[in-house]
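Next come two complexes built around chain A: one with chain B, the other with chain C.
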Partner chain A sequence: MSVQTQVANRSGLQQRRGRRWLNNESLTALLFVLPSLIGFTVFYAVPAIRGLWISFTNWDLLRPARFIGIENYIKLAQDREMWNALVVTVYYVLLNIPLQTLLAMVIAVMMYRLTQSMLIRALIILPWLMPPVVVGLIWLWLLDPNIGIVNLALKAMGLPMIAFLGLPQYAMPSIAMINIWQYVGYTALLIFAGLQSIPGSVYEAASIDGASETQTFWKVTVPLLRPVLVFVIVTSVIGSFQIFDTIAITTKGGPVNATKVLNWYIYEQAFSRFNMGYATAISIVLFLILILVSMVQMRIMRAGESDM
Partner chain B sequence: MKKFSLLVTMLLILGVVLSACGGGSAPAEQPPAADAGAAAQTAPSGEAVTINYWLWDANQLPAYQACADAFMAANPNITVRITQSGWGDYWNNIQTGMVAGTAPDVFTNHLAKYPEFAEKGQLVDIQPYVDADGVDISVYLGQLADLWARDGKRFGLPKDWDTIAIVYNQNALDAAGVTLDELNNATWDLETGGAFQELIAKLSVDENGNNGLSPDFDPTKVKQYGLIINGAGEGYGQTEWSWLAATTGWRHIDELYATKYNYDDPRFIGTIQWYADNMKKGFIMPIEQVSSLGGSAAFNTGLGALHSNGSWMIGDFVNNATFPFGFARLPQGPEGRKSMFNGLADSIWVGTKYPAEAWQWVKYAASQECANTVGEFGVVFPAQQSGVDKALAAYEARGLDVSAFTLQATEPDGTFLFPVTDNASQISAIMAPAMESIMLGQAEAAAVLPVANQEVNALFQ
Partner chain C sequence: MTTSARVQAAYRPKKAFPWGKTFAWIGMALLLFVTLFPFWWMLRTALTAPRAVFLETSSLLPVQVTLINFERVLGLVDPQTAIAMGGSGQAINFTRAIVNSVIVSILVVAGQTTFSAMAAYAFARLRFPFRDGLFAIYIAALMVPGIVTTIPNFILVRQLGWLNTYAGIVAPTFLMTPFAIFFLRQFFLGVNREVEEAARIDGASIWGAFVRVVVPMTIPALTTLAIVTLIGTWNNYLWPLIVGSDESVRVLTVALGIFRTQTPQGSPDWTGLMAGTTLAIIPTFVIFMLLGRKILDSIQFTGFK
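Take a look at the complex of A and B:
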């Protein structure tokens, strides 16, 4: 999705702003884009606009909806569960993103500098290839306090048993860990691709100038990698805010609402409490939050520019 | 260009966020409510008709397939197509099916779910059919039929019932020198915990081999817990705490469809605190250890001596327990032994094209003939006595004594009804975290429950 946008930006499409916009070339481009544009309209744009409408109704899934104005939004502002969900979600994003990005960076640089092996590259993205539901189930069993292998290992080392997913204080960190395990390889692969696009001549120049390995990393690699990093962080933050599958499989929002993130709360309101209108209003709020977060990130990290 | 791409990005995010929610389904028009009264008079037309029937319990699938085969043989124009899916997916599929117009004609319904469906006009009132066909609802055990009737309307015919009993690990009893007799006659009360508390203490063993009665017992290193329950129990506690709380005379609600819950009653608060205290003492497995895989999984691996569970789980223990086991009676409280009495029934969706044929199937699935067929499979207790007898014979043939469940059901005042009220899902959302916080030891029952009860009762205002 926004990969194309980024690539388009970087390849200097902006320079063509001045030209007539409907020349042959852009007509061809439009034809190429058309199939995905149709999919986007049918499966994203139309449901999204309809979603906006639903958020102003009291639709309960089964009876006809009635327009109730901004009532859902007023209720939402006073809903303790919703505020708790927001806090829990932000907590998860903070546990998830910094560590995941850091680890992915380390793995990517190691892949780039130390090995050419396709096998290792494949192994690193293996967890990402597994369906999230399977990952959730595997970790549910691995982390089980009674029969899970992780606790057997802790016990063998003489450490006390930990109910990773059963105690409020451990549940969210455990879920963040599971998702880092699943997505770090994929993130590393994206960064790795970014590293490969940095021309070798820059490194040669750096080594001729006598830059150390650390200096090369901070002064050459990181700045030239920035556009890719922006993309990686923006998309993974958005994904992180929308965490659902792992929680649906492992904790279902518990214990004591410790993992009741926004998406789980939305799901619960819509499908077990029959408040589709209210649930959709929360999704709109989540959408606004994500736009805000993404815009701030892109501004701070100067997404549209490159140092290359 | 930059602005445009940002706009596209924003639209993409909006799409991703909302499409997860909108599900592409518009507020559907109400399916035409079948006029059950008129339909009851028109006999099945005789044209070839397919009735879709859903259930969630995989163990019962062969039994109801046998019923369906017999039904189809007797009604050659009707085909019953059975679909089974797990509990979680089951209700999602039914709800989305009702919205999309693809819900099954007939489906197995649960007492915690049906009032919401009925209130939203999704279930056919079968009382006119019952009257027209002269179905005798007194054949159903106890008050099972009453559970499905409200304000002169009826939303299901009972198929089966369940009660709660104690499963025991024979090896654990032998090692502690506890006899089945002792267990069957254990007493319990709020103040001292009675003989039952002493039993679960004696049956709790730590890694050094000390049992719970020894002063050296280490509650942080328990190898075998005296009792395992399935979790915190949300607002029902069917297998977890309802069977103890009810022996004090406490009930969730005062009558079916009450608009007031009793979670602030001192007897209930005391019982729940008793659980939390005994988890801390190491006699009951802490709920953080059962929340992922459930209590029965922990019991089946031999981590506990006793486990409270429902009669629908008998087959699960047969298949998965790694040791000899049996079923014992519930402990006796101040007002005797009490088990929740719950039952399933088949409901007809209002969107069905063939209400008359759907009714024929519902009637057959709740008939004595089908009850006998289901009974012979020995997976569940049918709602009629003759079926129960068949089920008992089937269990006995497999060497299982399940009388702890049936004695409980037939004992005078041995059962109380599942608390059927409106707002079930909202109540769960309030009670689940409240009960968890108590059982995890984060808060006292006396502080949490009155507040939660207020919130619950406010739902009915």
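Take a look at the complex of A and C:
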């Protein structure tokens, strides 16, 4: 037998063995993946496509759905309530994100400089673990216009009492404050982890070069934290756009639509007015907005590039 | 002053009062106060007698300490007595809601962790057609906001006749979430391949190697995912609200939301609500006490959620 045939034989053997092994392996793999594939198909993939289809119909759960083309989308472009919801949502995001991120930075730096205590870290993250429903209820009670402790404290200090969640001008800032309370510790902890990952040698170099503390913070710490900050800001912006639970528990979109955010409006359209088609169309617009916002953010903040 | 003395002076700021540090500690104390006070106020209210809450509104300690609110929300007091004490007369039974929350959470945690681990292992280790494409599709689903699939899923569950059943509440998260698979795959990729291969050479099947070698080695990651899933399911509101508001399957968050809208004498039943709220966060508290360190580490490791 020539060397060539030997080689050919051997590779043929390997191939055959490889294929059989692959078959066996792929069959097992398929069984491993199958449950998740069923879950994904039934509750993610098909609903996403079906949602898109429903958004082109006038379905109201009672009569059979009728295809109406882009009518829902034309309607929502002219719907004042929809525009109000969009403005209210953006207003909420603008109230929430900058303050939350800034506070989280301050807290993270404070922790980094002061203490490595696990207990303190555990305590500041506690609100984040609570159901938003519970957080909403606790603050509803704390902010009660008549006997809530916050108003009693204001009164004791000689300040006027405020119906925080009952007045249109205060409702959204109050909701933003409640959610900052819930999420700032978590955000701070992520930034804190980022701070810990910056090697000490970088700071030494900066101090040898005679950088002041402020200079070091803005010229060394912040640029090196960029990937963490991008992650934190992009995910919290996406989360903020979808605020629902806190509003459902405290204001239910009121007073006078002041807190009627997109998700609440979608919920109302779908489950009080049963306009499934219209509600789904709004949800798809929300999806498109989120994609756009994330892309713009990533572009602006040059995601992923640390300056290290 | 000589130069060296000047330098020494410059390097002796320790003697000066550390203003910066003091301010930072004051800030930290303030932060902890703001973080913890609402929890104290919740407990203080839950332990206050229903009528007393309107009388001594700013007492920092519970007024006329009592467990009656917990008894009321657990349905241990009959409605007449509850009304007489100034509570909500509506027969609120959080016992049922707690049981429902426990059932739903256990089902989701068991199902999701098991099936996601199997899939994640296949994605990390096994070779099969369309593997990478399928995984990419799963990951793409991470970016779709919940509300987009919520309405079609509601319609599906309704058509299946699963409204107001446990099946309907757990269905969308029982078999997988894209996050769970993504998270576990990362860990399985880090498992030493040689140990698995040794097990295979010793005659173990793929399943055998997975169950007896890989799973025991990744218990920490599996536990972390289970905790995250547990807390997420326990806290969930929108989905159980729309598919399971009937009392027989109503979970705790939904029950709290409904209880909040029952206003007996114009103002909400604050003591009852805070007792219910306290009950709702006890499990999270306990888990956090037991496994807090693990949760903290995993946040710092992956930034989960």
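One rule holds in what follows: the second predicted complex is superposed on the first by the 259 of 308 C-alpha atoms of A that agree within 3 Å, B and C clash if a C-alpha of one lies under 4 Å from a C-alpha of the other, contacts with A are read in each partner's own complex, and residues count from 1 in each chain.
What we mean here is this: contacts are C-beta pairs under 8 Å (C-beta built on N, C-alpha and C of every residue); 3 or more make two chains touch, one makes a residue touch a chain.
Being a predicted model, the structure only gives us computed values, none of them experimental.
Contacts of A:25 after superposition on the shared chain: chain C is touched, whereas chain B is not. Judged by the touch definition given at the top, the superposed model places A:131 against chain C, while chain B stays out of reach.
In the superposition on chain A, contact of A:280 is made with both chain B and chain C.
Looking at the shared chain after the overlay, A:90 reaches neither chain B nor chain C.
Judged by the touch definition given at the top, the superposed model places A:301 against neither chain B nor chain C. In the overlay built on the shared chain, the residue A:231 is in contact with chain C alone; chain B does not reach it.
Using the contact criterion defined above for the overlaid structures, shared-chain residue A:198 touches neither chain B nor chain C, since it reaches no partner.
Put simply, more of the residues of chain A are touched by C, taking chain B and chain C as the two choices. Touch criterion met: A:40 reaches chain B and chain C at once.
Residue contacts after overlaying the shared chain place A:185 against chain C, while chain B stays out of touching range. Touched by chain B in one complex and by chain C in the other are residues 40, 43-45, 47-48, 50-51, 54, 61, 140-141, 144, 146-147, 238, 242, 244, 263, 266, 270-271, 276, 279-280, 283-284, 286-287, 290-291, 294 of chain A.
Residues of chain B touching chain A in their complex: 1-2, 5-6, 8-24, 26-27, 29-30, 91-92, 95-96, 98-99, 116-117, 120-122, 220, 286-293, 297-298, 301, 303, 425-426, 428-429, 432-433, 436-437, 440, 442.
Of all residues in chain A, those touching chain B in their complex are 1-2, 5, 8-9, 13-14, 17, 40, 43-45, 47-48, 50-52, 54, 57, 59-65, 81, 140-141, 143-147, 160, 163, 165-168, 238, 242, 244, 250-251, 254-257, 263, 266, 268, 270-274, 276, 279-280, 283-284, 286-287, 290-291, 294-295, 298, 304. Residues 21, 24-25, 27-28, 31-32, 34-36, 38-39, 41-42, 45, 53-54, 57-58, 115-116, 118-119, 121-123, 126-129, 131, 134, 137-138, 141, 143-156, 158, 171-172, 174-176, 178, 181, 205-207, 210, 231, 234-238, 241-242, 252-253, 256-257, 260, 267-268, 270, 273-274, 277, 280-281, 284, 288, 292-293, 295-296, 299-301, 303, 305 of chain C touch chain A in their complex. Across the complex, chain A meets chain C through its residues 22, 25-26, 28-30, 32-33, 35-40, 42-48, 50-51, 54, 61, 106-107, 110-111, 113-115, 118, 120-127, 129-134, 137-142, 144, 146-147, 149, 152-153, 156, 181, 185-186, 189-190, 192-193, 196, 231-232, 235, 238, 241-242, 244-245, 248-249, 263, 266-267, 270-271, 276, 279-280, 283-284, 286-287, 290-291, 294.
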